[in-house]
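Structure first, then comments.
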């Protein structure tokens, strides 16, 4: 199974983006500045917007899902239980183990933004998708929730998972890093070599590289391990 | 048309002319063909085809009932196209300037502010609708008549939540009553010519010689 | 000083809290009450009991700049110039003063090129800059920012951090999920279930959190 972007060109009011490459099975990070086109690329891959030229080929890919940056864009049910069911999830699987226990009949709009994001991601990650696109999954989450999310993402052992984010500190282990820079999607390669080529790495990772203490991967634990080596 | 004052007055005159009678509506359509960027308007505003179908269907029904379908179609089409033109030529911020120009910095500013925030709400409502359709699409839920009520409920809920946020933002920005603004308008030669054209249209629709037109047609029919 | 006494509103409960001049950051888990507390300080909501006084005056009698987390929810108008000018227009400043102040703040934030743009066409980071401009244009004594950095990349975040430091505001009150941001504060508060469980300068507070993920990674690296 693979996702192929063949000279894809996206043009919007204030930017243009070209993307060419193959996403194989595994976890991919697409990083880039705010406004660089990450969300637009995600929408194009999901087939939700048209593009100027090129093509998107989902070879051998069955079920697909895109998680929007703002979870309230996904709401189609008035109560949390209706929302849960709209995702094809069983309420007892989502509500029982979580902090939302007993809140089935609460309005979908009653949660704080972080709680809504956590709820939405719980429903999403409860199902398997061959292609899972996560647009800024860490925004609105607190540090502990980000870490839990990274842990859950690491269970995505099959299928293609693409994380579009500008988060730099709490990240999951990934198989490949991509970067949007100057209107182009650039393939930085596999880990750990990709870290050296990654322009959007955090200042801490750049300092570790300068000290020749390259983390094995970009997760919080890997960076912490590299810090402890210094 | 750059000058929003002339645009609003022209729209009011032309809409009334189209409403009055068939000849007024025909004159409005001619004005629309001459003075507006026709294709750009139709491409920019989305629900055109749907509205035209609805107008067409009602016209067919009226024609079958009492023969007034054709007149209804022409008049509704004229009013619809003028409304389309008014909406597509809207430039963000101009209602605030018109409000203050008409009503001053207190009441005029308030009306202008309400109009601007209404336009902003309409734009975000369309964006919210897009997001809801995308969400339904992603979840594999078909968009059917059955979904209209829950979708509308969601939209209303979002709009109410946004209205509350806007009220809070207004308060925290120091809004109490009115505000100060120096209205600025852009005017071109074509704006004035088009405005005069709209005046001619309403005169044509209202002035009694239109009745002579009817009279002439009846006389011709009698002679034939 | 911002003095808070016997405050109660929903889950937020504060017996006695004094917030000094400077940059104060509030951290805590989702749902701990950070946004609610900031909304109380901004006067957007009124407490059920207790008082908040900013240099002796309640929030609703104080000029406060406010920036929401979601860039789109900070916008009242469709174009950037109207958005930034709005607080001054609402305060009945003369058109000349308003235009000069808008130009000044746009120059300070480096967003002169955005003044003629539509808000819908801006990126998330640009919208935060515009919201910040609207919050600072009337030179308030206090600015309150609710997780403004969650939609910013590092470059924009550093730019805004500089603007905040140079803003001239007596109080900058913010909440964040980025511990590196929290580490750069003058004063740090941690909320849990509506109560402040830790308060003090970062070197006093963060050691209490060393076993948690709320300890800044750069501090672990000794940076």
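In order of appearance the chains are A, B and C, and numbering begins at 1 in each one.
Going forward, a residue touches a chain if its C-beta (ideal position, glycine included) is under 8 Å from a C-beta of that chain, and two chains touch if they have at least 3 such contacts.
The shown structure was predicted, so the numbers you read here are calculated from the model rather than taken from an experiment.
Leaving out only chain A, the chains are still linked to one another by touching in one piece. In terms of C-beta pairs in contact, the better-connected of the chain pairs A-B and A-C is A-C. Computed from the mean C-alpha positions, the centre of chain A lies at a distance of 42 Å from the centre of chain B. Averaged C-alpha coordinates give centres for chain A and chain C that are 27 Å from one another. Those residues of chain B that touch chain C in the shared complex are 92-93, 96, 105, 109, 116-117, 119-120, 123-124, 162, 165-166, 168-176, 178-182. Here chain C touches chain A in the complex through residues 28-31, 35, 69-70, 121-126, 147, 150-156, 177-180, 212-214, 217-218, 220-223, going by the rule given at the top. Within the complex formed with chain A, the residues of chain B that make contact are 131-132, 134-139, 141, 150-151, 153-154, 157-158, 161. Note for the complex: chain A touches chain C at residues 13-14, 32-35, 70, 99, 112-115, 117-118, 136, 139-147, 166, 168-170, 200, 202-204, 207-208, 220, 223-224, 227, 230.
Contact residues on chain A toward chain B in their complex (touch as defined above): 46, 48, 65-66, 68, 72-78, 86-88, 109.
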